[in-house]
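Which chain is which? They are A, B, C, D and E, in the order written, and residues in each are numbered from 1.
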């Protein structure tokens, strides 16, 4: 048999090469090379012109959906069985016809980290809803006596915040009769929070980089400096936060209030390019990546939340395991390009934050975008 | 006298600080542990607690940076040579040969000079991608090739089209600015030189080779340096044209460190330092030509 | 037999007519010098002969063949410029060999010619290995000459080859040029604006003015029998002085107030222009008679005194071998009129003897 | 020109420019009449892309921003000029300073822009700290729509003055005959007089040339810095035309509309063509 | 009285010693010409006088005051360069007025001086309104001179002011310069490498060689009584020929094989160098006796023939007023030895009469 060369477009995380090593050991005839992704649009453009890696990685349900929509992926009917957390479905099934086209690997629920020096675990446990969180955070700010500014809640992004608030109010981004009022309510709440001094740090308060998708390494720096009581972010940070010894930290679920499950679920998944020369080997590799064995290995190397329900989670996150059950991904509907929508939404949040738009106007705009997408 | 000396020294020190401080900070950041990079809030203590030399090792381990650097280098050198040569030939045609062809070339180049780069990116991408299909047997042109270089299997991409060195090097080589700079330099040379060469050789081609090229070494060095540096740092075009892992260039490779879930700024900085070094070294050795002996005549304006 | 021939050549650059009905023959084995003021079209004529420019009208023929039909490469003439006749990046030897290589001359033949040229021009082996910038001005011009001669051209074209050299070098190079020309028996067309060069080595001198050949002949003839006013006022160092006079058939009325009655002089009545050799003028400071001119300058050279005077805006120059005391005005004495011209500038003959009234 | 010479000397450039610049430009102009999302087939929309330009507030913002950045060009040239004057000597000190002044041009732009972002950081940045030490309160540079532009301009200035325009001026200064300097010295000219008498006449053309280059640069540029430092924000205060065109084409995938923006950008280069005609005329008349 | 004085000035450029122990006085109202080969340091001396360079050793004093102590502004000397003495962007008038404006001379005074300069230099009103590029070479140099003179300097420094002009212009400009200098009574220090200029107008000529003044004096004295070998071989057109001879106290053994017994000649035994005027040499083609030299070149000038010959690598030049037939060898006849030098280059006197053996 001829040796097979596969290209896998993914990020430069150390676990990637680990997975490749394991797979190559089991499948001697196959060699897999990693193509680092820097800009997703470039991959899509090149795919349309016939040059594409055999295996693609999606970090965002929107990206997966748009590849699936453009018919750039092979269906994966032979892996019909779905052993993964239900919230990850939009990472694996094409929206229009529910064809399985990708295999998820990890699940990243959003969680709330807190600094146990500033907030005692008992207090933290008692927080039930957003108002509780605000009260606790404000008291931390008021108790601060050091010269350094201390902030209440550092939040991953306005989009996350906004979506969670809409969900928490029982809303939905689309198809709900009261969507407009939910959106407006969420915006009002965000504005109120911002009007409290130091409750939410502004982008200017931390060493930052531009917001177009790559702010992860910098976010959380306030929390890590011990200057934020809470940090609301993805669970992929767990590993790196657990590796440091500067601040005492704990983690809990995001307060849900009365409505129930509101956690957003992040993750990533793998699909096979339709034009690949070795579809069988590629599928095999994808299947391997989503397999029990591979996920166990991942968890062992620091990826804490597997996407498979049957893989046990490590003990340090045992307490929030249940969020995986109820987490869901943000979806904007059929035919609308999530990437574009998020770019537009970010603009609106920015304008809203700067007072350029009031709640009403911002809500109106958001609704238009959610309805029409990006049509001129 | 002393006052003057102090004054000038102050200016010099200030300029030095202003120009090199960010670069030095970049050096320092590249030697800081990524974990610590955002933690020190005390900006006065700029120096890291621990010099993280391993960042430089890690850059090479995490991505095949060596291969990317090689690609970048090959592309930049080829680009520089081609662009310089093409510009010199065009300049020679415009200034010395003249005539209808010289004028045509001038008009073409002037038009090209005025077209914005961002506007060109996508159509140029299309042209390059569809180029193999203009020839018979497009498979032959686009099929990736593997070369055996010192026992190493090296993927060198197709001949033309997406993911080929041709596409990475050639489309950007036709620089009007370079041609105009060289035209200004040639205009300064005595016409006698070229007439003599024409009488000696009987062909403009040889006159160009033997009379023109050796006489404009300094401006050639300037243009070659500009071309090298431009290609070495270029991002968008190689990003579009390179699709397989073996064809990426170093600046694109570095972007890996700032992708969605983890931005490793100290590695980005280390890579930035590595990327800066060749240009700095080149300039250091070539600065006699490039900075000190740059001869760009005011005629450049008339050429433009 | 004329080897190089300009047949009523006209050459225009935009508005400027660089050459107008230019006609000239360069004979076999002749050294012809083209002399003229700056901008009169000397270089243009040479460039036409080299094939670097095309004439607008007329022809240039080389050995009877129209030049345009030959590629510049194949033409039997070599051109040496004032400067930049060498490639800066090549050694002297490489420079000399370059045109031969381009013409695919056999290697043995190349080295044979190199040696003969080297000997002819007294260039040492060491000098042949140097780049032009490491050679002195004279050596450089010799190498340039060598480069042209190695091609063994039928006609050698030289554009002010000595003008950037200093006196001593110039002297020796030009006599060397003459020697070589004689030795090889080639035709040389040389452009210069320096009369001493022309006087020193030319077989014939062609004087140009505004794109036209004014007169061709031996330097001495030009000096003594100028055929046009321009030549009269141009040739000689110092040249003839030109002074107008009114001719009424009997008498020449001079601007000084003098009247001269020539013995034999036939010209239509009206104004004539008198060409006066510097040696034929004399200024008298003693006598206070008529014919007074202003003395502008007195230059005392080694063996003679040059006196510049003016009258009515005309400049008079006289050479005298005797000491001349400083003065402001003097009386002009004309000993001989070397040549007289009528209003159209045509010569109407010398006036050797006359009576002064 | 014989055919072989033509093939060797002129054809490569003519062919290359035709294939890789002019042909794409024509395709680009054609593209501006379509709606094309980079996938599927383009859809003919006629001039509606251009019509939409008039209602697109973002586009208008981008024009204004680009205009603002273009205002920097003369300042940059002035600074480069002064710097070149300061460093034109041949001493070792000047040589090394010239190298230093060249550094910003050499350093990897993405890395250096990110560093500048940190320098500007509102609370903890270098500038804010310096300000705090002297009791000056600076604005939140990059988060404040009114200050983001000046902040970027400072970076552009820092990046631009030591680079190639300084090189051009240095080269131009070198062309001034020593005697002209000496003549003005003996005539007793100093300071501004010396500039008027010595420098201006000899560098006039290079200044025009740099202005033209700078104008083009400002018109077509500003992409990288916005991409790496601000992402075009805040509130699109630093979105230049080229950044907007790029975002539209690749982020929003409206290739046709982006092409229409590009075509409008090209219209802005028309003054340069007129300028060239005028310059050639004046120089011709000055030369004759 | 010396108005400008170089006191043992040394000036170095890196390795090159441009001036070595250079000493020179320029007297009041004197026109002194500095003559020397290219690169001997003439311009450097002038630039020192203008204050453009500082001496490494020694002083330059102007009216007794060290120059360094004066601001360039206040220095009483004006410099005219060979080229670029005018600002191209100003009209002739503006150029002339510029130094006055810089010195804040009153406006009426400015126009007064402008007019006087204009008249002095015969420049028309129209010419004053033109830019330099629209003026001819001679007009340009006149304007440059005017610019320098308008400042009314005590010393005028001129660096090869005529070298780019053609013969006729040169002739008239230099006599004009002399007239103006006399008229205004200023001191002029002029640099040139052209001997005719020097001979024509200089009160005194200083010959320089390798940064040192070799001899200062009237041109005629330099020509007839050169004090060093260099001056002997440099001054005159053509200059003296230098020929070595072996002196044994009685007899001069010439390289030609001749022996001369001088009548009165006192020098230490050994080699002496004989300086021979061109007029004192004669070549004889008839007699086939000893003293044979090779004839290198014969140039027939208007009234004389210049014959160049060589022996043992020494070049001999003779002027003869008679026709000279082409030949390859000839016998050398020495009529007079103008000056002889001992091995150190010091003159040991002329040898006017001698016997030939």
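Some notes on this structure:
As a working rule, a residue touches a chain if its C-beta (ideal position, glycine included) is under 8 Å from a C-beta of that chain, and two chains touch if they have at least 3 such contacts.
Owing to the predicted nature of the structure, the values given are computational and were not obtained by experimental measurement.
Pairwise, the chains sharing the most contacting C-beta pairs are B-D. A straight line joining the Cα centres of subunit A and subunit D is 38 Å long. Inter-chain centre distance (subunit B to subunit C, centres taken as mean C-alpha positions): 55 Å.
In subunit A, 39, 42, 45, 206-207, 209 are the positions where the chain touches two or more neighbouring chains simultaneously. Annotation for subunit B: residues touching 2 or more other chains are 41, 203, 255, 265. Touching pairs of chains, sorted by label, consist of A-B, A-D, B-C, B-D, C-E, D-E. The touching residues of subunit B, counted against subunit D in their complex, run 11-12, 15-16, 18-20, 22-23, 25-26, 29, 41, 43-44, 86-87, 89-90, 92-93, 97, 99, 101-102, 104-105, 108-124, 126-128, 170-174, 176-177, 179, 203-205, 208, 222, 226, 229, 233, 235-236, 251, 254-255, 265, 268-269, 271-273, 275-276, 279-280, 283-284, 287, 290-292, 294-302, 304. Interface of subunit E with subunit C (complex): residues 37-38, 137, 166-168, 171-172, 174-176, 178-179, 193-196, 199-201, 219-220, 223, 236-239, 296-302, 306, 308, 315, 317. On subunit A, the positions that touch subunit B within their shared complex are 7, 11-14, 33-39, 42, 45-46, 49-53, 59-60, 148, 206-207, 209, 213-218, 221, 224-225, 234, 236, 240, 243-244, 246.
For subunit C in complex with subunit B, the residues that touch the partner chain are 47, 50-52, 71-74, 78-79, 81-85, 87-89, 98-99, 102.
On the side of subunit D, the complex with subunit B involves touching residues 1-2, 4-6, 8-10, 12-14, 16-25, 27-28, 31, 83, 86, 90, 93, 95, 97-112, 114-116, 119, 124-126, 129, 158, 162, 164, 167-168, 170-172, 174-175, 202-206, 208-209, 212-213, 216, 219-220, 223-224, 242, 245-246, 249, 255, 258-259, 261-263, 265-266, 269, 272-273, 276, 279-280, 283.
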